[in-house]
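Think of it as A, B and C in the order they're written, each chain with its own count starting at 1.
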Amino acid sequence: MGRVTLLLPRLGETMEEAKVTEWIVAPGDAYARGDVLLEVETDKTVVEVPALSDGTLIKQLVAPGDTVALDGPIAEVEQDGEATTAHVEPAPTDRSSETPNTLKPAQTPRLMSQPTLGKIAASPAARAAARRGGVSLSGLTGSGRRGRITAQDVNHGAGTVVLLHGLFDDSKGWRGLPQRLAKRSLTCVVLDLPGHGDDTSTADSFDAAADQLAKRLPAGPLHLVGHSLGAAFAARLATLDGVSPLSLTLFAPAGLGSAISADFLRDMGNADTAEALKTALVHLDAGPMSDAAISQQLPRHVARLKAKVTLANAVAQNGVQQIDATGDIAAAPCPVAVMFGTSDRILDWRNVAHLPAEARIHLIPNAGHLPHLVRPDLAAALIASGHDLAQSA
Amino acid sequence: MTKTTYRDALRKALLDAMAEDENVILMGEEVGLYGGAYGVTKGLLDHFGANRVIDTPISEPGIVGAAIGAAMTGLRPVAEIMYVDFAGMVMDQLANQAAKSRYMFGGQIGVPMVLRTQGGTGRSAAAQHSQSLEAWMMHTPGLRLAMPATVSDAYHLLRDAMRQPDPVVFIEHKGLYTLKGEISPDPDAPWGQPAIRRDGRDLTIATYSRMLHETLTAAAALAPEVEVEVIDLRCLNPLDDTVLMESVRRTGRCLIVTEAVTTGSVASEIAARVTEQCFDWLEEPPLRLGGEDIPIPVSPALERASIPDAMLIEEVARWLVTREAPSWAA
Amino acid sequence: MTLANDAPLSRYRTMRRIRTFEERVGELFLKGESAGSMLHLSIGEEAVVGLTDHMKTGDTFTTHHRGHGIFLARGADPMRMLAEIAGREAGYCRGKGGSMHIADRGLGHLGANAIVGGGIPHIVGAGITARNTANQAISVAFFGDGAMSQGILYEAMNMAALWKLPVVFCCINNQYGMGTRVDRSAGKQAFPARAEAFGLNAVRADGADVETVHNDTQAVMEGARDGHPGFVEIDAYRFHGHARMDKSPYRTPEEEAAGRDRDPLIMARTTLDDEAALNTIDAEVTEEMDAAMAGAIAAPVPATDTMFQDVYDPTTPAPQPQRARLASVLEELN
């Protein structure tokens, strides 16, 4: 048993700091290895900080709202045996036993508090995957030879979800999906299509846009998720050398057939007032929207509207899609799940017939072009189960 | 395309090269009148005469030394040492002379010669006529080393060897001379580079020479349960390991199958390289499956048991990938 | 070709160049400028010039570890030789070979060799080349009495005789293989008889007199050019130890004094009997060798990365430096 200062571990590849959102364990409470101590918000999402060994929380050194740098102190704890991400400051009584004059030469408390990482049986590939994904190996159950943790074991608990939205949409359009994925311990990266959201570029072809997106993919194992045109991009990215995603999940994907609602594209491309935008959005069957929500969305919509229209014209003309995603989907080196609303007015759900036989198809009755918002839990489960399938493949 | 044998492909390579370039000469024990101990040079004496197909006394160091001098002065000799085991006789000329001349003399004097020989088990030729000594050649900078496994490589690798500006040790396998196959119009891979003989995602097996065939048999039996990528290394010195490392990074597992004694072997070198270069991709340690660390016994039963075969390769590969242990593991 | 009546004087000059060169090699070591101390001096063996004077442009030869003099006699630039012995870039082998591995393809030198007998069979191959291409060249292997105990010599002599190759095996018998006197390594010292037994023309020449060597080896050398391989033993005495550091404690002072009495330079001076001309030659040679040594010492050492060159031909990628390999494994990939 020793007093240890816990430090903020690396929870994501690009993470340099995190904001504390909530403490789960209170001072004086005992906890077990694997228990969530607190939740923090990184540059990507809210993540849990699990305990790496049994212990008792003595003092919280940070409060909700505090921003903590990587490796910064977050708590003082008392813990049995060996700490993992902890830096050790032995209590004075322990310190005395470290002196050369000690009468207990066999005791080496300093060694007992050394990180155990080296003692965890994990394949080199698993260690590399954990390093890339910012995942701790402790707490993982190894499925390999002699209980060795494999890269698959690591990826099972990791894998960054990349969300690709559709035309005239942006990262806000995913609503609560990222939070739902975070609950499943999946980290999300939301990419904006060229000219959409915060992206300031212009792409005049599908291929050019796909190239741009490919450059922005995070490293490490990925779950690729796309909606509508974003689904076609997700399928393309899945086929690239070196991407090799764990799963591909497509909501109302474009590129399965030829027809597309020309009215929707025209109305969206011309919408420069709140009224016009409200009218255009009806095609999506997104349910009623408040005027406040519309007026929030309007400035995002009209910003770089020309670039959005350029991309729209590149992928569809006169109600005919100019892209075919079926080849990319068939070539994707991972399980594919597709969700379609049978009341979709923008794309025809019956084009799922063009999907490869291996794809899992989920049809949502009475849902329009945003089936993942109609069934958000199913959508999140699909992404997660998609990578479960990746393990069994 | 018509099928031919490994032996005839080698002869065709010599014949074509000698017809193209009058500086190409053959020298060795029994290469002329006898036609080669394994029949590779049959008929070449009649074609090219005794000045170009030179029967030598039983003087292995002298044969290699003379070939070195001929190479230094403008000819392209192909010397034959009947068994690679006789490398024990010729290692001074090979390792101290041929391999080092270009370097010692500051790049002035290359030794463009080929030393043809053959090795391996399968004929109950016993301890002094059955070895696989490629590691000796791999351990010597300045030598090049090629070991053809297929009929097409027998032709193309030998042609390529005869074009090299540096000494090439060319080790044939006594068990492959009757192998039938086609000579493809182009080499399966550029000189110096491995060829992928089978694609697979679960395990990379690196091998060469006769063990390629045992490995391919094992890989066929393992599919589709275990998909093995089979890499034929072809040229072992200098060893271009790019293709192999790319493969191991895809599969995360590597087994090296050779016929040679395992300790201090080509397999050991490859295992070390895989460990260094693919560490972050490995799910299992690179594994060597080679000959037992014993001299080759003469009894066919003992000889067979001393080196891997398709069954053993299959068992070890399955064990490595699926953790299904073979019966002998208990 | 030197005019016949000038030839003895010319041979004296060559012998003096060898003697002075070897003295400079010793000084190079004492100055700390030589690459190592494995320097085997041919002082006392200069009469080999009598044989090399039968060689022509286009002829090839291999030498042993005590071959400086032979190479000088065949036209080597002493500055480039000393630079090589000093491990300099300007050396014949760019500082990679040194005293024991000096070579120059242009002058027909197929390489000095540090393996006793190692270079002998190469002349058999050169002889095959000469036969097959009818290039009129002969090839000569130079070696010491130590190589008379190496099997490769007998393989090579047998092949040369069998195929009637234009080659000559030249044994410079300086009485010692390192510290072992020849009577302690050979059951019978009739070396020419061994060669005759293989079918070679063989002769023994007195290495105390260069003119005797020249005259007595003429028939063998001309015979070789006609396809009758030959063997020459030059009887000499190694004035100094095996290598630069060897003080020869295994020899008696009396033996050494007697051996050094058989000095081919003194013999030549006596025969030529022209003190003024010989002194002029000596002075010119001293100047030449001093300049060569100064040039060699001033020459730059090779850049470290040249060590990876010439393992294979230049079109083949050079071996990966160890530091690069280690860095590829241990470098953090950010």
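Note that a residue touches a chain if its C-beta (ideal position, glycine included) is under 8 Å from a C-beta of that chain, and two chains touch if they have at least 3 such contacts.
It should be emphasised that the depicted structure is a prediction, and the values quoted were computed from it without experimental measurement.
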item: Farthest-lying chain, centroid of Cα atoms versus that of subunit A; value: C
item: Chain occupying the most central position, where position means C-alpha average; value: B
item: Approximate Å spacing (C-alpha centroids) for the pair subunit B, subunit C; value: 38
item: Centroid spacing, where centroids are CA-atom means, of subunit A and subunit B in whole angstrom; value: 50
item: Between subunit C and subunit A, distance of the C-alpha-averaged centres to the nearest whole Å; value: 76
item: Junction residues of subunit C - those touching two or more other chains; value: none
item: Residues of subunit B whose C-beta touches two or more other chains; value: 279
item: Of subunit C, residues touching subunit B in the complex; value: 60, 62, 91-97, 101, 103-105, 110-111, 113, 115, 118-133, 139, 151-152, 155-156, 158-159, 162-163, 309-317, 319, 325, 328-329
item: Touching residues on subunit B, where the partner in the complex is subunit A; value: 252, 279-284, 323
item: Touching residues on subunit B, where the partner in the complex is subunit C; value: 22-23, 25, 27, 51-52, 54, 56-57, 59, 61-62, 64-75, 77, 92-93, 96-97, 101-110, 141-142, 144, 164-166, 238, 276-277, 279
item: Complex contacts: residues of subunit A adjacent to subunit B; value: 123-128, 144-145, 150-151
